[in-house]
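As structure tokens, here come the structures.
After this come two complexes, each holding chain A, first together with chain B and then together with chain C.
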Partner chain A sequence: MKKNKLIKYLTAASVLLVSVYFVITSVNFLQPAAFIDLMNYDITFKNVFFNFRIPRIWTAFAIGSALAVSGTVFQALLRNPLADSYTTGVSGGAAFGISLALFTGGGSLSASLYAFGGSILSVVIVYFIQKKFSIFSNVVILAGVALSMIFSSAVMFVYAVSESREVHKAMLWLMGDLSIARYELLPPVFIFIIILSGVLLLYSKHLDIISLGKEYTVTLGISSASIRNIFFCAAVLTSLSVLLGGIIGFIGLMIPHLIRKIFSPKHFILITVSFFCGGIFLAVCDTAGKIAADPFELPAGVMTGFIGGLFFIYSAIRRKS
Partner chain B sequence: MNKIEKIFPLIVITAVSAVLLFYARSKYVLSDKIPVISADARIVSLSPSITREILLLDMEPNLAGVTSFCPPLKRDVPKVGNLLNPNIEKIAAINPDILFFSEEDNPSMKFEGLLQSRIPLYKFRRNRTFEDIISNFIILAKITGKHETAGKLLEQIRDDRLKILENRKKEKTGAFFLSSRPLISVSRESYINNILADAGIRNIIADFSNPYPIISVEFLLGSKPEIIFSTDPEADDFFTEIYKKADLKKPEVIIMSPDNVCYYTPSDYIESLKFFYGTVNEKE
Partner chain C sequence: MNREILRLKNLNSGYADKLILKNISFSVNEGDFISIIGPNGCGKTTLLRSISSELTPESGEIELYGKNLKNCTPGERSRLISFVFSINSKLPDYTIEQFLQLHTFPYDVPFLFKNDEKKISDAVKICGIKNSITSSIRNLSSGEFQLVQLAGACIQNSRFIILDEPVSHLDPRNAQLIMSLLRKLNASGTTIITVLHDLNIALNLPGRILGIRKGRVYFYENAAEIYNKKLTDKLYDIEFTYYRKNNRYFCLNSY
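Now for the complex of A and B:
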């Protein structure tokens, strides 16, 4: 049993190391010596590495971390393994926000802010619904799905009357294209992501209890204020990720599942490991998207969709067998 | 502790919003100044039309990067993504002396990314009229120092256009469709409307604010165009079907090649104008 665990940890550590190396050397697997040579002698390579690659890796890391942590929390909070950071309709709200930004003729920065506003709006709506019915009710998930539908209809309406160029602009954003991320927003947003993940870590014992069900939650004295704060922290984490890089699916769904299987179902470990693994996973997906169809860039959201979808089919088949 | 816990969501949202608003200032502003480049400058063009203009100015050797939509070139020039989704890292790796792109076909979100990248760039304005196309071409000639080549070419093009304008016969109503399913047309905000007008065709879809509006079949049938042009090879079947269904006389449908009309260069303008004018007047 101990040996098995050791093998698991070693495999996970190797995958992480290879991933980090893959992301840093970016376009192809450069030998360390070749990489150092290029850094020393090729100014253009150095500029591209520090001015483009590094900020983008950090952006991907921040988004991935936020999504994985919020996914972990939503799965515990809603006690639904299929819940993820977008279950609360955050993506629909963000898409609606971007569509409004199109109407006002704003650039990517205002699109980010509108997206943040839209996602917070949907979180607030879902919050008031959960307040009426309790977080343990399926109504919360249903309300999130319904909100997403309403928002997507509103988005389609805007697309129907907008210029095709604007629609394409929004599509890139909705596909989670990190090449259009505004890197200047990264430092403050990343700090917020770390703070909110830290707060959720403080609530990890609460999450362990909440995931056991309503009776345990009530009996062991988890206050409704704590539940509300956990809900808001996770939702704001998702909004921050949307604000940075658009809508990127599956990370909040897949990473917690994997971590729970490999490491532990305890939320302190789950949140901590998900934070790092989610970040590294998105950085790898983004890098893979750059290589897969070179010279074209596949948005990171497309890559996570492919990998996440395949992962779930594999999991379903394995569980059945 | 209890009090803080109560107002915690409000604190979080207020703090995040305040910080975002503080950072929400675009630090990247593009200068309006027209740059001048050397004769051996390395150019990356993100617009197929600008690439064609560079070829018109005999500057093909200067091209260091183009999009996958650009016209075939004599030598192998690195591709830097496509028209709407250029690969910014790839462009930076080429380290060009200047990067050209047009407001006409590049989404502004990528444009902001390009501004962030600090690559020297020039953004050409949209082309709504013949004058806009000429003015953008003159700017390109100024940047590249190819005034003489441009001057000669423009003189010929202006003469050709003038001849057509002087010989124009009676006006016809018509429409131009880039696609039939959906019906993507052109309005007065597009340079194609200007070519139609020069050829003596009154565009029934001119009065839309969107340059390439999607219109309904009902609108088309109600507008009764006398002639329809389209670059969509399946357009003729589509229009035959809808006019038959509506029991109306089908207008003349001309399927044309997208080789010229989809590019906003002076020479493509005049070639398209000759085609439209020729088609309308042949039938007179």
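Now for the complex of A and C:
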């Protein structure tokens, strides 16, 4: 039992180290010596590395951690392992915002802000629904799904009346393409992501109880005000990730699921580990997307789907047998 | 006379468009051992859910230690009564220890992650949990899990515990284990209200029995009275065979 635990932590640590190494060296990951040479002698390379590469890694990290933490929280709140960061219809609202921004001729920054606005709009709608019906009613999930449908119709409508060039740009956003992410937004947004994750960490015992179901939640004295706070923090966290990098699927679903199986169902550990794993996972996916189809870039959202999906199926099959 | 700790006055309660409990009034004193019986769907669980505030009553009042339940904060409520529900859904993969730690929540200093370990180990001892506290609650048998839930209730509040069908799906041995544990707790001062389906258990408990029929209080009597007047016949609309031996009451089906 103890030996198992040791092996588990050693594996986790080595995966972590390899990931960090891979993300930093990127294309040069097979030739570390060449990478060090470039860093020492090539000023342009060094500039590109510090001004573009590093911010991009941090952007990916921030988005991934926000999605993983909010996914963890939504799975607990809705007591549904299929819930994720987007269950509240946040992605639908964001997609609509992005499409609208590009249709009205806005640039990448206004796309970010429109996306943020759209996602906040859906958060507010679902927030009031859960306030009226309680988080324990299926109405919340249904409302999130219905809201996504409504927004996706609205997106289709915008596409139908706009130029194909703009449609392509919007599509890239919806696939979670970090190459058009706005790095200047990173510092303030990242700070907010850390603060909100920290607040949710304080609520970890609440979340432990909430995931036991309605009976325990009511009788152990969790107030509906704290449930609303938790919901709101998690939803805003998702919106912040949209603001940084568009819509990136699967992280909010997969990371919490795996961490719960591998480490612990206690939310203090779950949230902490998900924060780091989600961040590193997205950074790895983004880097892999850059390398895989050089000189093109595969959007990070495409890579999370590929890598995450395959790994997820593998681990599910392995557990069953 | 012990003081009154729970009082229901003309309670009407139920779900969205269906009123289930009609005009329920009764009261419970400190140290009582009340069992609630009645046919399926008569409103026993609805009654417990109204007392736990999971359901908001349509009208009428519930008073807890003289205070209207409506005016209690969730925190106050959780320190006054603890509940043991019959849980059918799949719970997260917590260990027994992690599960019990959650029951100290009503007394925790907010956002300070410190559990009262002594309280937990005491409850484990009182309830006689034999499993290692690091084993998962998912791997427990129904009887073992019921003990763990009861230990949780003791941690939360050992003065007033309300249980929903604690022995319905247990074998006779485990049922006896749970019931004698409840009697032991009651003897040391715990007030207990429990929903039961086994009349032979209910009739031989020290306290009164609340019979609910079609959402109304049908009787609230002690076992001797129920035995003498054969009150359970009408409660379930069937004829029982009653007999009495060594001061114990029996009420058997006639099939």
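Quick note on the criterion: the second predicted complex is superposed on the first by the 309 of 321 C-alpha atoms of A that agree within 3 Å, B and C clash if a C-alpha of one lies under 4 Å from a C-alpha of the other, contacts with A are read in each partner's own complex, and residues count from 1 in each chain.
Please note the rule applied: a contact is a pair of C-beta atoms (placed from the backbone, for glycine too) under 8 Å apart; a residue touches a chain by one contact, two chains touch by 3 or more.
Computed from a prediction, not measured in an experiment: that's the story for all the values here.
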item: Overlay on chain A: chain C relative to chain B, clash or fit; value: fit
item: Contacts of A:V218 with chain B and chain C, given as first, second, both or neither; value: second
item: Superposed model, angle subtended at chain A by chain C and chain B (C-alpha, nearest 10 degrees); value: 150
item: Chain A residues touched - chain C or chain B, whichever exceeds; value: B
item: First, second, both or neither for A:F311, with chain B first and chain C second; value: neither
item: Partner chain in contact with A:W58 - chain B first, chain C second, else both or neither; value: neither
item: Which superposed partner A:F22 touches (first chain B, second chain C, both, neither); value: neither
item: Which superposed partner A:D208 touches (first chain B, second chain C, both, neither); value: second
item: Partner chain(s) touched by A:F276 [first = chain B, second = chain C, both, neither]; value: neither
item: Superposed arrangement (fit on chain A Cα atoms) - minimum chain B/chain C Cα distance in Å; value: 11
item: Set intersection of chain A contacts, chain C complex versus chain B complex; value: 223
item: Interfacial residue positions of chain B with respect to chain A in the complex; value: 2, 5-6, 8-9, 12-13, 15-17, 19-24, 26-27, 68, 78-82, 84-85, 87-90, 92-93, 95, 105, 107-110, 112-113, 116-118, 184, 210-212, 214
item: Contacting residues of chain A [partner chain C, same complex]; value: 79, 202, 204-205, 208-209, 211-216, 218-224, 260, 265-266, 268
item: Residues on chain A engaged by chain B in the complex (per definition of touch); value: 44-45, 47-48, 51-53, 56, 107-113, 116, 120, 127, 160-166, 168-169, 172-173, 177, 179-180, 182-185, 188-189, 192, 196, 223, 225-226, 228-229, 232-233, 236, 239-240, 243, 290, 294-297
item: Residue numbers on chain C that touch chain A, as the complex places them; value: 52-54, 73-79, 81-83, 85, 87, 89, 91-94, 98, 102-103, 105-106, 108, 111, 113, 156
